[in-house]
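Several structures are given next for inspection.
Two complexes come next, and they have one chain in common, chain A, joined by chain B in the first and chain C in the second.
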Partner chain A sequence: MRQTRPALLLIAPSIIFMAALFLWPLIAGVTQAFHGPDGPTTQYVRRMADDPYFWEALRNTALLIVVLIPLQFALAIVMALLMRERPRFAGLHFYIWVVPLAISDLAAGLVWLSIFTDRGYLNSVLDGLGIPTYSWLSFEHPQTMFLAVVVAELWRATSLVFVIVIAGLQGVPRDYDEAASVFGATYWQRVRHVILPQLRPSLQVALILRTILALEAFAVAQALTGRNFPLLVGETYQWYYQLQNPNVATAIALVVLALSIVAAVGYLRLMRP
Partner chain B sequence: MAGVTVTNLVKTYPSGNRRATDDISLDVADGEFLVLVGPSGCGKTTLLRMVAGLETPDGGTVTIGGRDVTRLPARERGLSMVFQSYAIFPHLKVRQNIGFGLTMQKVPKPEWNTRVERAAELLDLTDYLDRHPAQLSGGQRQRVAVARAIAVDADVLLMDEPLSNLDALLRLQFRAELKKIVARLGTTTLYVTHDQAEAMSLGDRVAVMRDGRIAQIGAPMDVYDRPGERFVGGFLGAPPMNFFTATVHQGSLVVDDQSVPAPASLASWNDKKILAGIRAENITITQGQAQEGVEAEVEVAEPTGSAILLTVRWAGGELKVQTGPGLRVAPGDRLRLELPAAALRFYDPETGLVLA
Partner chain C sequence: MKLKVQLACAAITLFMGAPLYLITLAALSSRRSLNEFPLSLLPTSLSGETMSTFLQSTGILGGLLNSLTIGLSTVALSLLIGLPAGYAMARYAFKGRDPYQLALLLTRALPIVVLSVPLARIFLDTGLYDTTYGVTLLHTALALPTTILITSAIFLGVSREQEEAAMIFGASPLAAFARVVVPQALPGIAASAMFTFVLSWNEVLGASILTLNRRTLPAQVLATLADSPLAFRFAGGLALVVPALIFIAVARRYLLNMWGTTLR
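Take a look at the complex of A and B:
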C-alpha cells in the first residue's frame, strides 16, 4: 500500500486530462439533454424522436456503415497485400494511397462535389463523350446521391484502414509465408490461414476506429448533398446551428456516443481470440 | 522417396556483386542424409532455398525424383522443411501446426488425425497437442517444427540450421534424436549448418562449401581425414587441422633444423616448399630421452576432461596436440613430438589444394 501515493501522482495528469476533456463534457451533455428549465425532462429526446429527419439520418448512417466498411476493408486488405509483394515504385504507390489521410474531410467533400455536381467534371466528361449527363446529386435520385457519398468516403477514409493493415502486415514474418508455401499452401490459402489470422489485432483496431468514424461521418455528405442525405452528426449540426436547439442536438450526440460504445464493445467481444 | 540433383546452379543476389552459388552441381541419392556445411556467406542456405523453391536461380536446374522442378513454385515440389526460426504459426495450436501441410493437401479427417498423432508421438509432443506455441519452450517449438515437417511424408526433407537456436546441451540431445528419427523415416534429407561437429555427426555425406562452391564432398570421416584443400582441414574438426610449411629434401621434410621423414610420393617436390597438415590427435608425444621426432615447447595446456589439448611451439610455428588425460605437462616444458608420415597430408602452398 506504500506504493499508492506515487502511483496516484503518476497517473494524476491523465486522470485530470480525462476528467476535464471527457468526463465533464459527458456529464454536461447528459445534463443538457435530460434537464430542461423545469427540472429533469424527456421532452428533448421526444422531440428528437418525433423528427422524421432523425430516423432518416439513423437509417442513412447505418446504411453507410454496412455498405462502406466491408468495401473499405476489402480494398485496404487487397492494397496492403499488393504492397507486400514489393511492386516497383512501392514508395510512390504508398504515398498516393495515403494522401487522402492528409486531406480534411470537408475539402475532400468539396473536391468530390466538383466532380459530381451538375456541371462538374464527371458530367463534362460524359458530355464530351456524347453521353447524356445526369444529376447525380439531385434529391430526386437518392441512389446516385448515396453512391456519390459512398465513393467519396471510400476515397477519403480507406487509407486509414490501409495504413493500419500495412503496419500489421509488417509484423507478420516472411518465414510464415515461406513455411506455408513449402507445405503446399496456395496464395489464397496463405492469406486465409496465415496472414489474415495474424492480422486480427490490426483489423480489430481498424474496424473499431472506422466504425466510430463512420458513425461520425458528416462533412463529406454535407458538402455533397446538404440535408438531402441526412446523417446523425449532420442532424446535430442542424439542431445546434440552424434550429438553435442545443438540447436536442446533444440528445442526438448521445445517440452517436451510445452507438459507438456498443460497436466497440461488440467488436472486442466478437473478435476475441 | 526421391533423390535430388542440382546442376550448374548459379545465383547472384541483386544487392551482391559476387555469386551466392557459383555453378554448383550436386547429387543427393534417394534416402541419403547430406549436410551442407560452411562458414556464413558460403551459399549453403541459398542452395537449400533454391532446392526448396523459395529462391529462383539465375541458371541451372533442380531435379527432384527425376522431375525438373526448377520453374515450379515451392508448393508443387513435394518437399517439407524445417526453418531456422521454426516458423510455426502462433495463432494455431500445436495440433493444427503439425497438421498444416495435411490441411493444405485436404487430407481426410481420420487420416489427418492418425498422421498428426503419429508425428507428435515420434517427437514426444502428444501431451502438448492442444497448446499454443507461445506456451511451449524453445526446444518444444523446435520439435513442433520437425513434427510438422515429417507429418506430410514428403519425398525430400530440407533443414535450415534447425538446431542453431537451441542451447548447447539441448542441441546435443536433439541432434542424436533427429538422426534416429530421420534414419527411421528414410527420407532424403538436405541439412544446412555452420557447425562442423553437427555436420560430421549427422551426415551420410558432408559437403563443405566455400564462396559459393563445394570445396569437398564425401563421407564425414573421409573428409575429416583427407581434406581436399587447406580450407576444409581448417574448417572441419575442433581443433582444426595443423598446417606448417616445410621443404622437401632427400626424403625428408625440413623445417629449420628439424626434419621429419617424408613419403616417397613427394619425390617430385624435392627442394621445393610444400604445406603439410596433421590432425591434433595424430601427433604423439615422446617424453624422456628419446631422440626421434621434433622438439617443441609447451605454451598452453588445456584439460578438456577426456583429453588434454596442448598448444606447443616448434620450428614450424604453433601446433595443437591432443593427448590422453594422464599426461602431466606445464607451460615451458620441452617435449619431443612424432609426426607419423601416414597421418601427414600435403598441400600446394600456393593453391592450398591437396597434392595427389
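Take a look at the complex of A and C:
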C-alpha cells in the first residue's frame, strides 16, 4: 500500500518499546522458571508444587472466579438494564456505580476492611441491632473470609462489566425492543430473546477480561486477610519478597499466564455463535 | 415498575456508595474514636489526626512523591510513543495494521505478574532496579496499548478535511497536526492521560517487585500492611481512593470510550 512508509515510522517506536517490555521479559521469564545454575531444570516447578500454599492458592483463585463472575455479570446486567429505564437521578447513580472503576484492589481491600474487621462498621451495626458480633475475617471462619473477599471484589470490579455492557446496549436499537413489546412480549421475554443475544459480543469481551483480571487479584485478599486466604498472584509476591526466590515466583506467574490463555481460548470457543 | 426501578437503583447506589462513605469516615475519625466500639456511623468526631499521622509515617510522603513522579512520567512517555501510533492507526491504511491491532489487544491479556519478576532481573542487570524510571517503563508498557487505541478513536473523530485544508494553505504536516488536529483532540487526549495516570497510581504488584526503597504509595502501604495499626490502613485506603473519585468525576464523558468500546 501507498501509505505504508509514514505509518510504519509512526508506529515503530511503539513496536520497539513493546518488544522490549513484553517479549523480552516473557522470554526471560520462561528461562528463569526452567533454567537453573546447571542447565535446564524442573526443580523450581517441583518446589512450587511441593508447597501446600500453592495448591490452596490455586483452589482459592478458582473458587473466587467460579463464585464471583456469575454474580458480577448478573449484577452488571441488572445495573445496565436499570440505567436503560432512565431512572431519576440517573447521573448521580451512574457516578457512584462507576467510581470503583478507578479504585485499585488494594484500596478496595482496605475499604472493606473498615467494614468487616472485628471492631468495624458491620459489627457496630449488628451490635446496635442487638445481634451478637462475629469475627468475619478470622482464619477460623474460612467461609466468611471468602465471603468478604467476594463482596469486596463484587463491589470493586462489577463496574468494569457494567460499563462494557452499557456500551454494548447503546448498539442495541430500541426499535427491536419496541417491536417485540408491540407483539406482546413481556419484559423478561424481551430481555431474554432480544437484548441479551445482541449483547453477546460485549459479554464475551467482558468475560475474558474479567476472568483474566480476577486471576490477577491478590491485594484485596492481602488487605482483608493477610496470607490466610492465599491467591496465586499473592503467592508470587510471597515467593519473591518473603522467600527471595524469583525462580519459583516466575513459575507461579507462568501458571497464571497459562490459566489466562486457557480461559480466553475457552470462552472464545464456548461463545462462538 | 417505575417505583421498583427507583428502589433498585437506590439499593445499588447504597451498596456502591456506603463503603466510600465509611472509609472516609474511618480515615477522618480520631484514633481514640476508632478504638471505641460500637463505631459511630455518623461523623460525630471528625479529626485530621489519623490522616496526618499517616502522612507523617516513614515512607508515605516519599511514596506519594514517587507515585506522582511515576504517574506523570508514565503519562508523558505513553503519549510520546502512543500519540503517533494512534494517529497512524486513524489516518493510514497500512500493511500490517490488523496484526498490529491484534498484538495491542493481546498484550492486555498478559498478566502483569508475568512481566514483573523477569523485569526485576533485567532491571537489576541494567541498573534500573529500584528507580522511578524502571517502574515508569513497566507502567508505560501497561498503558501503551490502551493509549494507542483510545487516541486512534479520538483522531478518527477529527475531520480530515480541515487538516488537509491547512496543508493546502501551506502548513507543513507537523504544523497542521499541531494547530488543527491537537486542539480538537485535546479533551480526549486529556481523558486518556488521566486514565494512564490512574492506572499507574493503582498498580501495586509491579511497583512492589521492581523497587525496594523507592516505593510508590500503594507499594509502601502494601509492604507495611501487616505491621501497621488499623487507623493507618484506613487512612491509606482513603489516600488511594481519593484520586479515583476525582478522576471519575472529571472523565465521566469518556468512560464508555475508555473501558467500553475500545476494549473490543
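A few notes on this one:
Criterion: the second predicted complex is superposed on the first by the 256 of 273 C-alpha atoms of A that agree within 3 Å, B and C clash if a C-alpha of one lies under 4 Å from a C-alpha of the other, contacts with A are read in each partner's own complex, and residues count from 1 in each chain.
Going forward, contacts are C-beta pairs under 8 Å (C-beta built on N, C-alpha and C of every residue); 3 or more make two chains touch, one makes a residue touch a chain.
Worth saying up front: this structure is predicted, and the values here are computed from it rather than measured.
Shared-chain residue A:212: touches chain C; no touch with chain B.
When both complexes are overlaid on chain A, the residue A:106 reaches chain C alone and has no touch with chain B. In the superposed model, A:198 makes contact with chain B only, not with chain C. Comparing chain B with chain C, more residues of chain A are touched by C. Within the superposed three-chain model, A:185 lies in touch with chain B and out of touch with chain C [touch as defined at top]. In the superposition on chain A, A:176 contacts chain B only, with no contact to chain C. Looking at the shared chain after the overlay, A:142 reaches neither chain B nor chain C.
Across the two superposed structures, the residue set of chain A contacted by chain B and also by chain C is empty. On the chain C side of its complex with chain A, the touching residues are 1-2, 5-6, 8-9, 12-13, 15-17, 19-20, 22-23, 26, 35, 37-41, 81-82, 84-85, 87-89, 91-97, 100, 103, 107-122, 137-138, 140-141, 144-145, 148, 198, 201-205, 208-209, 218, 221-222, 225-226, 230, 233-234, 236-237, 240-241, 243-245, 247-249, 252, 255-256, 259-261, 263-264. Across the interface of their complex, chain B is touched by residues 173, 175-176, 178-186, 189, 193-194, 197-198, 200, 273 of chain A.
Listing the residues of chain A that touch chain C in their complex gives 1, 3-4, 6-8, 10-11, 13-15, 17-18, 21-22, 24-26, 28-29, 32, 75, 78-79, 82, 85, 87-89, 92-107, 110-115, 117, 119-121, 123-125, 127-128, 155, 159-160, 163-164, 166-168, 170, 187, 201-202, 205-206, 208-209, 212, 215-216, 218-219, 222-223, 226, 233, 236-237, 240-241, 246, 249-250, 252-254, 256-257, 260-261, 264.
Chain contact summary for the complex, chain B toward chain A: residues 52-54, 73-75, 79-81, 83, 85, 87-92, 100-101, 103-105, 148, 152, 158.
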